[in-house]
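By letter and in written order, the chains are A, B and C; residue numbering begins at 1 in each of them.
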Amino acid sequence: MVDETVDGAEDVDVEARRAVEAMLMVAVDPVPPNLLAQLLELPTKRIEAICEGLADAYEAEGRGFALVRVGGGYRYQSHPDQAPWVERFVVDGQSSRLTSAALETLAIVAYKQPISRAQVSAIRGVDVDGVMRTLQQRGFIDEVSRDAGPGNAVFFGTTREFLERMGLDGVSQLPPLGDFVPGPEVVEALERGLRSDPDPVVAEVADGGQSVAPTEASGPAAPEG
Amino acid sequence: MVDETVDGAEDVDVEARRAVEAMLMVAVDPVPPNLLAQLLELPTKRIEAICEGLADAYEAEGRGFALVRVGGGYRYQSHPDQAPWVERFVVDGQSSRLTSAALETLAIVAYKQPISRAQVSAIRGVDVDGVMRTLQQRGFIDEVSRDAGPGNAVFFGTTREFLERMGLDGVSQLPPLGDFVPGPEVVEALERGLRSDPDPVVAEVADGGQSVAPTEASGPAAPEG
Amino acid sequence: MSITVSTSVYEGPFDLLLNLILKEEVELYEVSLSAIVDAYLTEMESLDTCDLEAATEFLLIASILVELKTRRLLPVHERAERDDEFGLWEERDLLLARLLECKTFKDAAVSLRRMAADAALSRPRRAGLEDRFAHLAPDLLEGVTTHDLRTAFMAAMAPRPSIHVDTDSIAPIRISVAEAVALVANELPARGVVTFRHLTRALVDRIEVVVWFLAVLELYKLGVVELDQLDNFGDIHVGWRPGADRGDVDLIDAYEG
């Protein structure tokens, strides 16, 4: 019995819990809690509490499946510790791995979205058309807008498929980009490597290090006159 | 707790129960008990007992889903008494548009029929089982033949209903592709999909009646920078 | 000094530079180009087939190294004479900034790989509806034409674009101020007031943003645009001055600093 998870176990909650289980079982994509709330005519908070309660109960009961919040909604999935069995059971193309080129491109799109292909190319220092197309074909990124400005650039962003593949509920859950900005020793090493003068100008190096912070690359500060 | 369902609660049974739950949760089609027996290296009777035990436990706990034996195998589905909620979810909660993934899959089947799931999956570079099932369920595509070869691959084509909906007399009336040439990686994927020498694991799975796609893990998608 | 160049490892020139500088702990300008070329040729010979992509990529990397080494040999004092805003030092700083940015995303990618690996331990349920509910589902073919099918098919089957090698990979300046002036003058009248950030959001390099900024200032000097900035370092609002004549702008044929 799982009554302890729905404490109070009012009839309304029991019924809602069963309905949620039924609907999530037939869903193909993660189901947003506000959709469940709308259908069940209950507050979203209540739906979230029910889903969290179910997830905890399945875990406590040692189920081979789990209920998780990912890609903006709830979905059933196999329990991570059952991966060896599930892998034997399902033999298909989904386990294909992304190359590091694809992952770096994906990281740039994820953190800088919306971003154009040319902007990604500029950061990677190589042409990214092929990689971007593959990522789009596989549903990790998609066009999010087209610019009316110069060049009519197409802007890309990550998709729900990406979130699902990363196990994230939303892009805001990505670790802050600041965590990855190289430390002073790396900046120093790079500076030394690029030195074209026996007499380094330390202040400029510090500026160089700052300018890769996750802020937008665009704004050239204020006009000087 | 569900220990009473696995009476004796030996470790083997607990582990097998979790593995069965995990595999059934991700299966798209009903899973024959002998396939589970083969994978878990347990007698089929034992698997059947585990599944019946799970089904009884879910019913006793008042779950909104059920484990049923249907079409020669076991599958999770929504509990019959939750049908009104599921109907509501289907009518009000589902998108009424084909996703671009589904449209691409449908287009591949339309132009390349007869074609196996594995071939479609290889072209798209992702698992297409769920999408293919939806398309089949909606009556747009259906099985047209089975390969006599070792893999017993199932081939799909579009249905009469689909042609009528598109206002076509036959697939030959689909818009011509002109001098369009598919990419080399697609050609390769098609050829690989047509090869009838699946590796042993895949053959076992296919023999078990499970229609999982015998695609190689790599797919056509590995981009090189 | 021995340097192993594995073409399959280096994803691009930045990759190579990062590896040379950080892993090999060498000063870039001390790297022996002939050592790299030798290692590369050995690598190519061991391949069964000639990989054109790898070969062009290598040419690009090698040319960048040659370019950088050449600059190292130039007398630094010449710098004092130049009027050019985008000279050697700026390029070096730009390169440093780009290497750091590249490194940042490389490390972020490692973290993404880990997240993806963890998430891949679970598989989603995708069985979908039971057949008995299928008839209730919305009509998915609504509005789908045979043309849509053809387009979707082409998208699924299309060959990947061939790799294009950008030989301007260090600080390319793709547009002149005069060209930017013309572009802004063409677009702005129809767009009302926009922020400078928005106006330049499709641009790639900082240097291009600078060019566009100079173009906007030029138009301001001519009195055809109005600029407004509410806060220090805040967004700059750019608008076409009502009644201003585009004809005034066409007179500019070169930017004179």
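The definition used in the following text is that a contact is a pair of C-beta atoms (placed from the backbone, for glycine too) under 8 Å apart; a residue touches a chain by one contact, two chains touch by 3 or more.
All figures in this text were calculated on a predicted structure; none of them were measured in a lab.
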item: Those chains which touch chain B and also touch chain A; value: C
item: Identity of the most central chain, Cα criterion; value: A
item: Chain separated most widely from chain A, comparing mean CA positions; value: B
item: Which of B-C and A-C has more C-beta pairs touching across its chains; value: A-C
item: Distance between chain centroids, defined by C-alpha means - chain A, chain B (Å); value: 26
item: Separation of chain B from chain C, taking each centre as the mean of its C-alpha atoms, in whole Å; value: 41
item: Centre-of-Cα separation between chain C and chain A, whole angstrom; value: 22
item: Multi-partner residues of chain A (each touching 2 or more other chains); value: 25-28, 65, 76-79, 86, 90, 94-95, 101, 126, 130, 134, 137
item: Junction residues of chain C - those touching two or more other chains; value: 11-12, 57, 123-130, 133, 155-156, 158, 160
item: Chain B-touching residues of chain C, taken from the complex the two chains share; value: 8, 11-12, 53, 57, 123-131, 133-134, 136-150, 152-160
item: Chain A-touching residues of chain C, taken from the complex the two chains share; value: 11-15, 17-18, 20-22, 25-29, 57, 71-72, 76, 88-89, 92-93, 95-109, 111-113, 115-116, 118-130, 133, 155-156, 158, 160-166, 169, 183, 187, 191, 196-206, 209-210, 213, 217, 227, 229, 232-233, 235-236
item: Footprint of chain C on chain B - complex, ascending; value: 25-29, 75-78, 83, 86-87, 90-91, 94-98, 100, 102-104, 106-108, 110-111, 123-124, 127, 129-130, 133-134, 137-138, 140, 162, 165-168, 173-175, 177, 180-186, 223-225
item: Footprint of chain C on chain A - complex, ascending; value: 25-28, 65-66, 68, 70, 75-81, 83, 86, 90, 94-95, 98, 100-101, 103-104, 106-108, 110-111, 116, 118-119, 121-127, 129-130, 133-134, 137, 147-151, 153, 155, 164-168, 175, 177, 180-182, 186-187, 189-197, 204-205, 207-209, 211-212, 216-223
item: Residues of chain A defined as touching chain B within the complex; value: 1-2, 14, 17-23, 25-28, 31, 35, 38-40, 61-65, 76-79, 82, 85-86, 88-97, 99, 101-102, 126, 130-131, 134-135, 137-139
